[in-house]
Amino acid sequence: MSTIVLLLITGLGLGALYFLVASGLSLIYGLMGVLNFAHGSFLTLGAFAGWELARRLGGESWVTLIASLLLGMVVGAIVAAATEFLLIRRLYNRHIEQVLVTVGLALATVALFDGIWGTDPIYVTAPPWLSQTTEILGARVPNDRFLLIAAAVLVLLAIVAFLRFTRFGLVIRAGVENRSMVTALGIDVRKAFTVVFAIGGAAAGLGGVLASHYFGYVSPQLGGSLLIFAFIVTVIGGLGSLAGAAIASVAVAVLQQFANYFLGGTGDLMVVLLLAVVLLVRPTGILGKKA
Amino acid sequence: MTDSILTVSNLSASIDGQQVVESVSFAMRPVGVTALLGRNGVGKTSTLRAILGLIERSGDVTIAGERVDREPTHRIVQRGVGYVPEDREVFASLTVAENLRLAERDSSPNRELIAELFPDLTQRAGQLAGTLSGGQQQMVSLARALVNDNRVLLVDEPTKGLAPLIVMDVARALARAAETVPVLLVEQNLQVVRMLAEKAIVLEGGRVVYDGSADYLLGNEALTKELLGVA
Amino acid sequence: MKSLARLSQRTWWMIGGAFVVLAALLPLLNISIPGVLPGATYTPGTLQLLALSLLFACLALSYHLLFGTAGMLSFGHALYFALGAYGLGIVLKQTDLTLIPALGLTLAIVIVAAYLLGSLSLRVTGISFAMVTLAFAQAGNVLVRRNPGLTGGEEGLRLDTTHIPDFLVGVVNTRNLYWISLALLVIVFVVVAWFEHSRAGHAVTATRENELRVRVLGLRPFGVKLMAFVIASVLASLVGMLHLLLQSGTTPRATSADFTLTILVIVVLGGVGSRWGAIVGGIIYTLLDQRLTALAASDAIAGLPAILRIPLSEPLFILGTLFILVVLFLPGGIAGAVRRLGTGAQVTPLARKQLEEAE
């Protein structure tokens, strides 16, 4: 029982990370039809920014942790918005080329991070509470899981509120459904593009700092390794669906944990298998629209 | 040409590399309803979409004397173009109220007019547009165009697939709109055209083959049959 | 018009043939191109690099078949390259088969795998297809890393030379591998060209443009797409096998998503939809990568201030940036630019359209 609880909560924690990456991917894809390969770099940069701050302020303090989370968000948002504004926008409506530019950006930025911070993992320090455990139903659960889950829930609520209660949110929701009709109502939908990139970048940057605490280190490869699972999550959840991304994040991560424990470390393979099954049964994903 | 609200000359357009409009030219007068007619496949819908820049196009388009053919869609619309697309294209996952709010461009949108023309929509403000009937969706689509003060309305097949009773509602709303703004109407239902349009422009192979009174055209059965292929 | 096109095509084949003859003579000649090649053309080090660039040209051509011709954006092409490399390496190590039967066995495995995974991936199109292929390749990556007993894990797999003919082993015989690489390039080129001109090739190109129209014509888009997928995968696996022999081993990098992205970068640099572009892209990329790595380690770079030194010492940063610039400012890549120079006309919209159709 305690093992199952531990696996479940750890799965939720990992799922939270996947969601922080996948939410942005899904929003960006839903509105713009762009698959953003540079999303992992937003995450990595957020993680490094958080680490640089913690290094200077002393990683054990809670104030530092919160400041580094905020900094990760801001850095992610700014870099993502700049990416959209400087690169993606020039290729308006040319989706393949937009994807290619993000591929180039991902390759170039990871190499740049290698050059700046080195290829070896850098270990992070955090408030001691995070590395302690809390007993739940007999399971000793590392506390960082709770931080991850809380952050992802907050991000989910914030994005939902933004989409529901703001003008930009209205434009984004409409644009996901029918972008050309939005422009035919006299709305410059490109402003919404920058906004979704910024939101996605903020979530990824936050996810980067959180990932560095979950894994215990930062490295230039951090974003890329999470990005692949986030892609899978996005496809399983249905491209463009935020709720689908949330459900699939949890499903994929929990499956991964259980398979790793009970089926001899086959978590990653089971995830690919799940993807194959979902595509066979329902090619548009759990909550995806018809293609 | 200055007395035309909308002119199109040598307009060509393509979708996925296939030409759908071939060098169309016409001018539209700034009053009343002008029907844009022609046989099936002559590219009436595509012409409207090309005017708005929703599909790749070349050629000259002016609105109130100003060239707009190099502008992006949202700029053209901001100049005062209301668009009611074929198949309505309401945002199914948005509520009726959100659909209308999204469409509001003016600082003082015509909410009273909408409430008066479409009382049904006020009642259903909180309902998801995707759950409305076809007729109600058409009301939303029309309301989205009428909520702003426009210089010209482009209305594409507003009665397509609707029950006769609702067709009359739509026609009434359009007639009311036409009192204040010129309307370019693509419509299969010739009865509706007869009711609303003063002028008719008939396209054939990109050329205007008729430009004149709608009543005269539709009153002359032989001419109608020759130009439109139907009686 | 038609005769002109035919003539120019024949000229192209003749130019290509002349290049092949020239390339075949290189190991016998003493040509030095400082700054491009590390040494004279007969030296094993240079031949190794040249052979590698030919293999990348082959790989780019096989990806061209997938992406440029059939319009399938795959992010898992590296899987089939790796299947060839690891498959042959493992068969040679675990069995007593000699090279040729081992090649045959590996090829059979690749065909079955490509057929199965291809049929599954092709149930979806567009971005979903890209994601599925990425996921399958990732599964391959995991399998390779998790089974060090079979694959050598992170360390990579060393080539077991017990059953390999002597003329393919050792530094002195690099030129033999070079000639085989050249032959493979010719074979891959002919296969790709043949497929593009075949009935299936026309159908698959038409599918790229308009799937419905192909259906109306009574052809099954799924079948021709699967055929293109399997052919491209088999070609990639052949490249992988030769790569194993040339490098005397293989590493998990061959299975990584980055490796597929590298192939994609090469094809786009060369020019999407152009066979010659893919070849030129492969050769230029390999040489550039090698020179940039040499540059990164040079004293000239080490002496620069950090803000210049760090980016310039990362070849992938420079290549990535170059790639972004090509996508933004040079649609159609190298082939597009050459065509524009040749005709003096702006073919940008055409090249752009080709890219878009690939969607």
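Read from first to last, the chains carry the letters A, B and C; within each, the first residue is number 1.
Everything below uses one rule, namely that a residue touches a chain if its C-beta (ideal position, glycine included) is under 8 Å from a C-beta of that chain, and two chains touch if they have at least 3 such contacts.
Just so we're clear, the structure is a prediction, and the values are computed from it rather than from any experiment.
The chain with its Cα centre farthest from the Cα centre of chain B is C.
Of all the chains shown, the one with its CA centroid nearest the global CA centroid is A.
We define each chain's centre as the mean of its Cα atoms; on that basis chain A and chain B are separated by 43 Å. Chain B and chain C have CA centres that are 51 Å apart. Averaged C-alpha coordinates put the centre of chain A at 31 Å from the centre of chain C.
None of the residues of chain C touches two or more other chains. Remark: chain B residues 52, 54, 72-74, 77-78, 81, 83, 85, 89, 91-94, 98, 101-103, 105, 144, 148 touch chain A in the complex. The part of chain A that touches chain C in the complex is made up of residues 29, 33, 35, 37, 87, 90-91, 94-97, 99-101, 103-112, 114-116, 224, 228, 231-232, 234-235, 239, 265, 268-269, 271-272, 275-276, 279-280, 283, 291. Chain A makes touch with chain B in their complex at residues 170-171, 173-174, 177-178, 180-189.
Interface of chain C with chain A (complex): residues 73, 120, 123-128, 130-132, 134-136, 138-139, 142-143, 146, 257-258, 261, 264-265, 268, 310-311, 313-317, 319-321, 323-324, 327-328, 331, 352, 355-356, 358-359.
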